Each structure stands twice: as C-alpha cells, then as structure tokens.
Amino acid sequence: MLKGHQSWLFANRPMITATGVTGGPFEANGKLANDFDLLYEDLWMGKESYEKAHRLLLEEAIKMALQKGNVQKEQVQFLFAGDLINQITPTSFAARTMQVPYFGLFGACSTSMEGLALSSFVVNYQGAKYVLTGASSHNAAVEKQFRYPTEYGGQKPPTAQWTITGAGVALVEPNEPGKQHPVTTSATIGKVIDMGLTDPFNMGGAMAPAAVDTIIAHFRDMQLDPSYYDLIVTGDLGRVGHDTAFELLNKSGLKLERKQFQDCGLLIYKDEQPVQSGGSGAGCSATVLYGHLLNQLKKGTYKRMLVVATGALLSPLSFQQNESIPCIAHAVAIEMNEEKG
Amino acid sequence: MLAMFFWAFVIGGLICVIGQLLFDVAKLTPGHTLSLLVVIGAILDGFGLYEPLMDFAGAGATIPITSFGNSLVHGAMQDAQAHGIIGVLTGMFQVTSSGISAAIIFGFIGALIFKPKG
Amino acid sequence: MVIRYRLILLTCLLVLAACNHNQPGKDSQLALLKTMNPNPVVTDKTKDSDGVDEIKKDVSSLPEIYDVAVVKGKKDTLVVYKVKHLHRFKMKKIEKNINKMLEKKYPKENFTVSSDYKIFLETVRLDERMKSAKFSHREAEKQFKKIVNMTDNKK
Amino acid sequence: MMESKQKKQNTTLQQRNYQQLQQKHEIKRPVLKNCIKAFFVGGLICVIGQAVSYFYIYFFNFTEQSVGNPTVATMVFFSMLLTGFGVYDRLGQFGGAGSAVPVTGFGNAVISAAIEHRTEGFVLGVGGNMFKLAGSVILFGVFSAFVVALIKTLLIIWGVL
C-alpha cells in the first residue's frame, strides 16, 4: 500500500524465512566471519576467471538459502537480483543455472534493498509464494571493471573503499503468524541525487546525500520518529560518507543517536584491515544484512531496523567523460514477526 | 661510486616526491601524472638539462619515467643530425626501445605464467 | 607453485652464472670504489713512458678531477679520469676542456678522452694483465683497441 | 581549465553547500607522510637500478652511457616478478609515486593489465589491453619528444642554435 509520497507499507508483513551468505578470503578475516554461511579461501574459488567466481558466489548463496528454507528451486516464482559487472552478467548467468523466473536489477550497491523492497511488494500482494532476492560483488572482478587491474600498484587515497567479495540472498515468503522470522514492514524508494561530486575514490561522500534524502522521506511518509527504530543502518557509506550523513541528518532536524546509526561498510571489516574508508559493493549491504544483522535481530539485540542501501550510479566511462556521480538509496524496514497470541 | 649511490637515491627519490605531489595535491590520476612527467623529461632534454642530471645521479635519473621522454628526444635528435628533419620521425625509438620492448615481452611472459592474485 | 619456485631458482642460477663468468683481479675489483691512481701504461714496446707520465700529471692538475689513467697505444692515447661527484653536472664541459688542453700541448698525439667508469675499469684491468708476463704486447694492443672502440659507440 | 570553470558554474547553491560540508568529513591524504614514503621507496628503487647498472658495467661490455638499456630491461623484469607474485600492488599502496614513477611502475602498468585480461584470451585480452594504462605515457612521450626534437632540429637548421 502506497504511503506518503514514495513509500510502501507492507500490511501483510512478508517474511524472510531463510538467507544464504557467501564470502571471500578477505571477509573471512573480517569482524563478521561467523555470520557467513560459506567462506572461500581463495578469490578464484576454483574457477578460471573472477567473473565466474563471482557467479559461483551468488549460486552458492542461492542454494544455501533454498536449503535452509527447505524449498526446491522449482517452487520459487521469482528471483530479484543484480550486481555491478557490465550488463549484470554474473547474476544473469546464475539465473540461467537456477532456472528461476528472473528480474535483473541494477541499482549499484543499493541493489540489495531494491530487490528486497520489490520482493516484499510482490509477496505482500500474493504475487508469489516464494521469492528469492539478493545482490553480490567480487572484489577483483569489480576493481577490474571500475578501477585498475588488481595487480596495478596504484595508491588508493584514504577516502577509497574496498569492494567486498560476497553474496547475500534472502528467501521471502508470505507471513505465517507465529513463525519466528524477520518480516519486512515498509520500504521507501529513493530518487537519484547528484551533489556534483566527481571523485570515484570518494563514493561515500557522493552517496551520503542520497541516503539522507531517503531516510528523511521515509520518516515523513511513514509519519514516524527516528526513535521508532533501534538501528538505522546505511549500506556502504564508509567512514567519510557515514560521518557526513550523520551530520546532515541531525541538521535536518531528525534526532538520531550515534549508536543507533551504523554502516554495513564499517561493520564488516576489522580496523586493522587495509580497507581505507570501509567496505563497499553490491554484496556489502546484502551480506551484512542477511548474515549479521538478521542474526542480531533474531537474538533480540535489535527490535526494529531500517536498512538504507546506497548506490553510486556511475560507470568508468561516465567519470572519464567528467560526469559527476549520481547516487541513489532505498530503505526497507525490518522487524521480528509477532509471537502467537 | 658510493657518492653515485647516494645521489641516485636522493635525485630518484625527489623525482618520485614530485610525482607524489602531483597525485596528492594536484589530485591527478597516475596516468595523468606519468604522462606529465614524461613530457617534462622531453622538455628538459630539449634544453639540454637532462643529460647533466643523468651524469650526476646515474640511475636516479635514468630509472624514473622522465628519462623515457629524454631518450625519445635523444633518439630523434641523433637521427635528425644524421638524416636531417626526417630523422625526427625515424629515430624516435632508437634509444628507448629497450624499456618498451622489455615491458611488452615480460608482459606477455607474465600473462603466460601468472594469474592476478587480487 | 612448483613452476614458480623453479623460475626463482632459474633466475638465481642465471645471476650466479653471470657472476662467475670472468673472475677479475683483486685490484680491479675495487677500481670503482677507491682511488686507484694506476701507473701509465704503454702497450707499444718501442715507446717509453716518459711522455705518458707528463700527460697524466697535466690532467691530474685539474681541480675537478681525481684518479687519472693513461694508456698509450700505437696510434692513440687514451686518457680516462674520474670527476669529483659534485662536478659531474659539468662533465661534458670538463671533457671538452681536457681535449682542448691536451691537443694544444701535445699536438702530435691522437687523444681519446673519457670519464666513463667502464673505460676506467678496463684500463685498470689492462694494467693488471700487462704486469703478468704471459700477456704479450700484441694482445695488449688488441685489448687497447677494443677499449678505445668502446668509447666510440658509447651512445 | 575551461571545463572546471564551467562545472563550477553549473553547480547549484545546494550542491556547493553540500560539497563544503562533505569536505569537512573527508579524510585528508597524508601528503607529507606519502611524500616521505615515496622518497624512500623511489630512492631505493633507483639505488637498486644503480647496482644493476654497475653489475652490467662490471661483468659485461657496457659503458656508463650504454648501460641504461639493459638496466631498464632488468628493472622491468623484476617488476614482472613482483607484479606476478602480487607484491607490487602492495608496494604501490605503500610507496605511492615512489613505485609508480620509476620504470618499474611503467612495467607494472603493462604487466598487470596483461595478466588481468588473460581470461579474455591472448589476442583480444592481453593484446588489446596491455597498454590501456601505459599507452598514454607512450603517446605523450612520443608526441612531446617529436615536438621538442622538431623545434630543436629546425633551430639548428636555421642556425639559431
């Protein structure tokens, strides 16, 4: 149900019944290694190209989610997924393997929440019984496309972010009262915001206003106060973007506490890992949400959370042609299903 | 000879500091920085300033990419002296060929035996 | 992995082989490190070393220069010197000056002037070989011509 | 220059305000520290280069003038090994321009691109992409050398020099 200007309220509260999260070697050394279902020791993952490894990450995450949800792939109606590579081939090729009707999405690093919002919408209105949604990225494959060859000795400035290697997939089903699963309650779709920043090594700074815009729109549309959520987590703003977004939000009049406002890109790695400003990539918010954050939700650490995945909609071509970096953010609210009675 | 090592270190280091300033202060990409340094090397040789620097600092001046511009001009000038103006075109790579051919050959060998580690 | 280790091994072997390829004498090993001040060499039996000593003295008197080696062959006379490091910027000028000075003073001689370490090293090696009795004058002359040629196609 | 001016005029007030605010939070590049690191890494590479050239002077028939070519080739060879074993990108992150400006950095640019695109085949991948980073260095080197040498030659012909 449309609420306000750009938000959906999911009255039927679709459930996330199972998730599958895969990661690479760098993530295995990170802070959240225990929240991954499958970690690869090698970036190649036994494949002959990074792009194929990228596909494998997503395929394995999908299999994991299906297995945990005890669902056969033939039962799944739709797959909403995407990644960062040209023409999202890794995701499309994984969809070929899975033989599930498929919507390919591109929202850069915001793909995870774009997918979750759409899946929840479809399930909420009985459009499907089982929907898979997810996003993935592979460090070497993405670096190769967006920056320099992985072995090139270019110096990354401290504002740069580290593209994570990983895939996060969720299985969304209609609500069954009493079942202890996380449910999505609402979503806000963001508009493209461009503040004229051009530095591709400072994505966080470019994406922060998009995140802020979407968060403000969410609270306006849902007529809520920030204290309603005990966690508002952004996708991959990194240190720079996160600080900027925090200041912008407080200036706008939304009263947020620092503890309540976190960032997936800052959660995933240890401080001593050489990731400069934090993690990024389509897989970043997907792996952290579907792994760590949902586990915390189930444990009761958090009651309600708003996940705001941010994406920088640039291509190597566009920034070479001196275009600025347009950005987008989508928000989905998640909480635990009410207990029976 | 020990003085040579010392000055190679200092001059080579200083040229790299110029590069670093172009990275960090002028915010140029590595591609822009290296292209600029090559052009500077060519111009310095045009004024006859690079050769003395090479005498003085040895590898400190021949190893940085600026020497690439220098030796391109050198090759062109050598041929120009021998064959007139057309030599500018034909002599260009006479002195520099080793760096480029080494990069091509080792690049290909590298592609044959190595995989990117990520 | 095995291939990589082999590659490293191969490189090491190559480097080692290159190192062993010619074992120079003890003095010449240090020719680049310290001041050698080698005696003037005359490869031609028929000539004596008087004139050569003088040339050496003349060139040594220049303030920018230390360590001079002079070799006199049948036709050419090779003058090699080391330039004090801070004067290396002006090396081309120094070379020109020496050339001019020598030609003025010894108009009959045909001079080859060089400040190249390599040429210096080779003259020291030549000197060493001359001292060992087995090295004939003809061989010395041949070696000398080789050195002079080296300066010609130095670029 | 023209372009950046135009760009500034095209930005709205809101954009400019945001850029100012963002700048406050941007982590500054440690310029001094980077320069010191670049100095030492770059200097060290040049010292290794000097050692290599003395090696060639000592054991092969190269003079100081002609030793540049084998030295450069050897340095590029070292660069290939370091690139292939995945060391050079780490060195680059530490040394910045110190490892990018020496000829080893040029070698690294060529070799890393060649290795990276091997999966697309040797013709279209390696061949087509080898110079995607280093190509501009060759282009601008050759063209500027052409201009410089042309001017100098003409000046010599006209008797100015």
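Should a chain be cited, it is by its letter among A, B, C and D, assigned in written order, with residues numbered from 1 in that chain.
As a working rule, a residue touches a chain if its C-beta (ideal position, glycine included) is under 8 Å from a C-beta of that chain, and two chains touch if they have at least 3 such contacts.
Not measured: the values here are computed from a predicted model.
Asker: Chains shared as neighbours by chain B and chain C?
Answerer: Chains in contact with chain B as well as chain C: D.
Asker: Which chains are in contact with both chain A and chain C?
Answerer: Common contact partners of chain A and chain C, which must touch each of the two, are B, D.
Asker: Hey, which pair has more contacts between C-betas, A-B or A-D?
Answerer: Counting C-beta pairs in contact, A-D comes out ahead.
Asker: Suppose each chain is reduced to the average of its Cα coordinates; what separation in Å results between chain A and chain B?
Answerer: It comes to 45 Å between the two C-alpha centres.
Asker: Mind checking the centre-to-centre distance between chain C and chain D? Centres are C-alpha means, answer in whole Å.
Answerer: 36
Asker: Please compute the C-alpha centroid of chain B, do the same for chain D, then give the distance between them in whole Å.
Answerer: 9
Asker: Residues of chain D touching 2+ other chains?
Answerer: 29, 34, 54, 64, 83-86, 95-97, 100, 105, 109, 111-113, 115-117, 133
Asker: Please output the residue numbers of chain A that touch at least 2 other chains, ranges allowed.
Answerer: Residues 50, 149-151, 154-155, 157 of chain A each touch two or more of the other chains.
Asker: Which positions in chain B touch two or more other chains at once?
Answerer: 1, 4, 23-24, 30, 95, 113, 115-118
Asker: Can you list every touching chain pair?
Answerer: Between chains, contact exists in these pairs: A-B, A-D, B-C, B-D, C-D.
Asker: Can you list the chain D residues touching chain A in their complex?
Answerer: So the residues of chain D in touch with chain A come to 3, 7, 10-11, 14-16, 18-19, 21-22, 24-30, 34, 83-84, 86, 88-93, 95-97, 99-100, 105, 108-109, 111-113, 115-117, 119, 133.
Asker: Hey, which residues of chain A end up touching chain B in the complex?
Answerer: My answer: residues 43-44, 50, 139-140, 149-151, 154-155, 157, 199.
Asker: Please give the residue numbers of chain D that touch chain C in the complex, ascending.
Answerer: Checking each residue of chain D against chain C gives 54-55, 57-59, 61-67, 81, 85.
Asker: Which residues, counting only chain A, touch chain D once they are in their complex?
Answerer: Within the complex, chain A contacts chain D at residues 48-51, 144, 148-159, 194-197, 202, 205, 208-209, 239-240, 243-244, 247-248, 274, 277, 322.
Asker: Can you list the chain B residues touching chain A in their complex?
Answerer: So the residues of chain B touching chain A come out as 23-24, 27, 30, 115-118.
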